[in-house]
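Note that subunit A is present in both complexes that follow, paired respectively with subunit B and with subunit C.
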Partner chain A sequence: MSIESFYEYPAGIALSIFLQGLREGKLIASRCGKCNTSHIPPRSYCAKCLNPINDFHEITGLGFVETFTCSHISLDGSQAQPVTWVYVRFEGVEGGLLHRLDPSVAPEKALKVRPVYHGERIGSILDIKWFTKAE
Partner chain B sequence: MRRRVAIVGAGMTYFRSMQPLTPQELIFEAVRKCMDDCGLTLRDVEAVVAGSAPDAFDGYHHKGLLSSEAVDCLGRAFSRIYVGGGTGVGVAVAGWWHIASGVYDRVLLVAWEKMSHPYPHAQPLFRTIFDPVLEQPLGPNLIWIFALEMRRYMEMHRIGKELIAEVAVKNKGNALDHPYAQLGAKITVEDVLKSPVLVWPVNRLDISPTSDGAVALMLASGEEARKITDTPVWLDGVGACLDSQFWTNRDLGYPYYVYLAAQQAYRMAGITNPLKQIDVFEPYDPFTYKELHHLDALLGKPGLAPKLLAEGQLERDGDHPTSPSGGLLGVGNPIAAAGLMKVAELYWQLSGRAGRRQVPNAYVGVAQAWGDLMQVGQVVVCRV
Partner chain C sequence: MDVYVAGVGEIPCRPAYGDLDFREMLYTAARKAYEDAGIHPSEIDGIVSSGMDFYEGISITDSYTPDQVGGRLKFNTLVSNDSLNAFIHGYMLLRTGHFRNLMVTCYAKPSNMLNYPEVVLNSFDPHVVRPLTPHPYVLAALDARAYLSRSGASPRDLSLVAVKNKKNALGNTSAAYAGATTPDDVENSAPVSEPLKRGHISTLCDYAAAVILTTDRRLGRFTVKGVGNAFGAYSSDLSSRMWGLLAWVRHAAQKALRMAGIGKVDFVEVSEPFAHTELMALEGLGIDGEPAHKTLRAGGYDLGGHLPVNPSGGCLGMGYPLNAAGLQRVVQSVKAMSRMGWRTCMILSSDGEVVDAGSAVVLTSEV
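The block that comes next holds the complex of A and B.
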């Protein structure tokens, strides 16, 4: 038995703005008008204040590695070329992003990183090629 | 007025990687053993609380209903609990609500999993726990999230893989004494370190296996329990806690949601110093470091568990026996059934029925399960 079904997920209010930002080569965060907390990926409401959010702003893109891993297996569990994945946080912003690390960079805790974008962008998390070491 | 709740019987099937049995047949076997253990029949059961992981594993819609015949549901209340990997202990927590509330006196708990249904492996199904817009396009497999957390945990407490590997050695060794275990074995730290790296720093022997299996427990109100058995094990504290679906909002080094669930259960059971007052610990151990990560939260002291492990205190004959059953690493990990197995182990340990696994002087125990995107905490405290 197999289940044949495709799924389409709407990005919603906040993530649509985030994906539009990626298309323009920018990282967009949200800010709650009540508690002033910034968040990435952006939110359409504040989970602390239960307040709708209408304030979206670009952040510098300069982040730091919170933790990382190197996967030696593919999605189905079979052996694959090792790929390093980093969990990137941004100063003064809650949340963070999971993405690949530039293969020419050795991962380390607190490494300062910035996103590298593809030339042709469509509004997807994959518009970011990977994060690389920020000088 | 809250009523006291007791565990009066337990039963389980073998945990195996592929059992040529249907879910119904596995459930039947566990329920039958549980009923034999407490000397009741299904007619004595007033309500059933069932637990099983996502329907995707079976490719069968609303698979909770698979248990309906094996537990003879006609004429009784049935509910299915689902809180990810926390489901097994969550079933015991929900069973407690049924009786403590005064609504029912005799409640049957059953949890099962058939992870061998998806072909070739259950692994790709786990991808669906990740956010569909920002994370699934990256092609994540389940182990990533553990690897990110494990590295953060190792960094936070400056511990090496050699120490963490001791958890696999201990639990697989303990499982040699468990009659239903899948992966009891005598292994060394070197075996763990030399097993293939899957997602660094996670090696193959750091991970529990996929399994098929079922576990059943019988709960009764205080008054009923005394009629059924001379050796009830009291379910004196329950705690349940959920954190945000956004794992990127947490410090992965400490499962605060498990700490909060434990504190709820301790408050109810009158535990103020878990290290001194609890004799047996059954924290959730799907991965080696997870046992330490969770024990830290059950003790309310980040970084204490690795120290106790290094001193040998988590062994069955140590001061703080942890996973004397053999845990998920040794007994196996049929998701929902694995969590309820931990509660069953407390029942067997505290009522002196644990055979060769018996921990001396076991009066109070805690079991815990955890799940989903590092966000579910489910805890029960038992005592005799």
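The block that comes next holds the complex of A and C.
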């Protein structure tokens, strides 16, 4: 016998703004009005000074790869076609995003990248198809 | 007020106890601990249990511990974290003076889990991480790559850790995955998520352990000289992850060493779900002055080296019992001090596979 568990998670104030931004093809970060720290994904509070935040802005600069891996394993544990995963950070912004890398790009540390969006978007992290090398 | 270890018990690590349930595993471990300590279950004042619902698939799973270990109608508290954290809770409870003898227990039965990677995925943010469906080893590999890149260590160093630990486990009858292997064997094992090969990843195992702590010096066989715990940056969307670093180790270990009033130890036991976890922890510990991978290459962490690390075989050699890994280390440390004549050890255990939080304990054989 198996008992399935069902959950629904409201994204909250800041993350809803982030997901709405993805629908519009934008990366949105938060900025603390007190210590000026920007963070992605955005937060409605500052983890540094615990100040409430209601300042959100688009990240227009490029991202860069902090660390990467080429995986050969799928979620069910089986061998899978290689997928390159990257952890992307942005200059002057704390935090970052996990995502996949364009398979035509060779991963390397500090590689400058930008998100590639799907044409049809629903307000999900999957609205980003992958990150690709920024020319 | 000093706190001592009076006795330890465990059921050996196995890929699967298909014939036992978790209560029977705990019962076996507790019986051995009572026998080891030479006391009767009626002399125990309470139980601190570590078990995780998340892994076991049983709600409030650790609340089903007291019956089979001698804790009925006594004080019981549950620490849903690595079991070294539970051990520290037991230590602190004894220091209140309200108890004389406490038992710390832990168990994990991952062989019951049919979809481990999906279960682990549930620990991450449902909007930002889960839809991407990364296997947890992908996250470990991001850590491994960042560690190698920052430290200048090479993937072969990860293989050296795996070979050392599997070899050490040959002398440990509680180990499930001991073996005489070579770095080339590990290098040639299946690629999982680069730079991690199958041989760099600790295989899950079923395990249960019980440790009796006491403030009664007559029962004490080892002394808990220092404890420390710290949480590093820690968010479910991975955004505060400092890849390739275990920031908690320095804080927790220094606290424990300061309490113990010592600067070095005879050996280290560290939970290592992955080969790089051991090196990252040793780097954070920083008590031998060299980058960890250089000491490793020179044999400094071998059984005969100046600072043996995981003489038990660690999780690579014994098996990784999830939250039970911390108490697995305590039991092995006690066994090693009895057998090898070592006097002091540092025990380190992270609160999970790819997290920046964990506990440190210093034990000595002096009472």
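Going forward, the second predicted complex is superposed on the first by the 133 of 135 C-alpha atoms of A that agree within 3 Å, B and C clash if a C-alpha of one lies under 4 Å from a C-alpha of the other, contacts with A are read in each partner's own complex, and residues count from 1 in each chain.
Following the convention adopted for this analysis, a residue touches a chain if its C-beta (ideal position, glycine included) is under 8 Å from a C-beta of that chain, and two chains touch if they have at least 3 such contacts.
Note that the structure is predicted; figures quoted are calculated from it, not measured.
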Checklist line | Fit or clash - subunit C, subunit B, common subunit A | finding: clash
Margin query: Per the contact definition in the header, classify A:63: touching subunit B only (first), subunit C only (second), both, or neither.
Written below: neither
Next item on the list: Examine A:115 and indicate which partner it touches, taking first as subunit B and second as subunit C; both and neither are also allowed.
Entry: neither
Check: Is A:71 touching the first partner subunit B, the second partner subunit C, both, or neither of them?
Finding: both
Note to self: Taking the superposition on A as described, I'd like to know which of subunit B and subunit C A:85 touches: first, second, both or neither.
What the structure shows: both
Next item on the list: In the overlay, answer first, second, both or neither for which of subunit B and subunit C A:21 touches.
Entry: neither
Check: Looking at subunit A, which of its residues have contacts with both subunit B and subunit C?
Finding: 7, 9, 11, 15, 19, 41, 47, 66-77, 85, 87, 94-100, 109, 124-126
Note to self: Per the contact definition, I'd like the list of subunit A residues that touch subunit B in the complex.
What the structure shows: 1-3, 7, 9, 11, 15, 19, 41, 47, 66-77, 82, 85, 87, 89, 94-100, 109, 124-126
Item checked: Residue numbers on subunit A that touch subunit C, as the complex places them -> 7, 9, 11, 15, 19, 39-41, 47, 66-77, 79, 85, 87, 94-100, 109, 124-126
Check: Can you list the subunit C residues touching subunit A in their complex?
Finding: 115-118, 121, 126-129, 131-135, 137-139, 141-146, 149, 190-196, 237-241, 243-244
Next item on the list: Spell out the part of subunit B that touches subunit A in their complex, as residue ranges.
Entry: 59, 120-121, 123-124, 127, 132-135, 137-141, 143-144, 147-149, 151-152, 155, 196-202, 244, 246, 248-249, 252
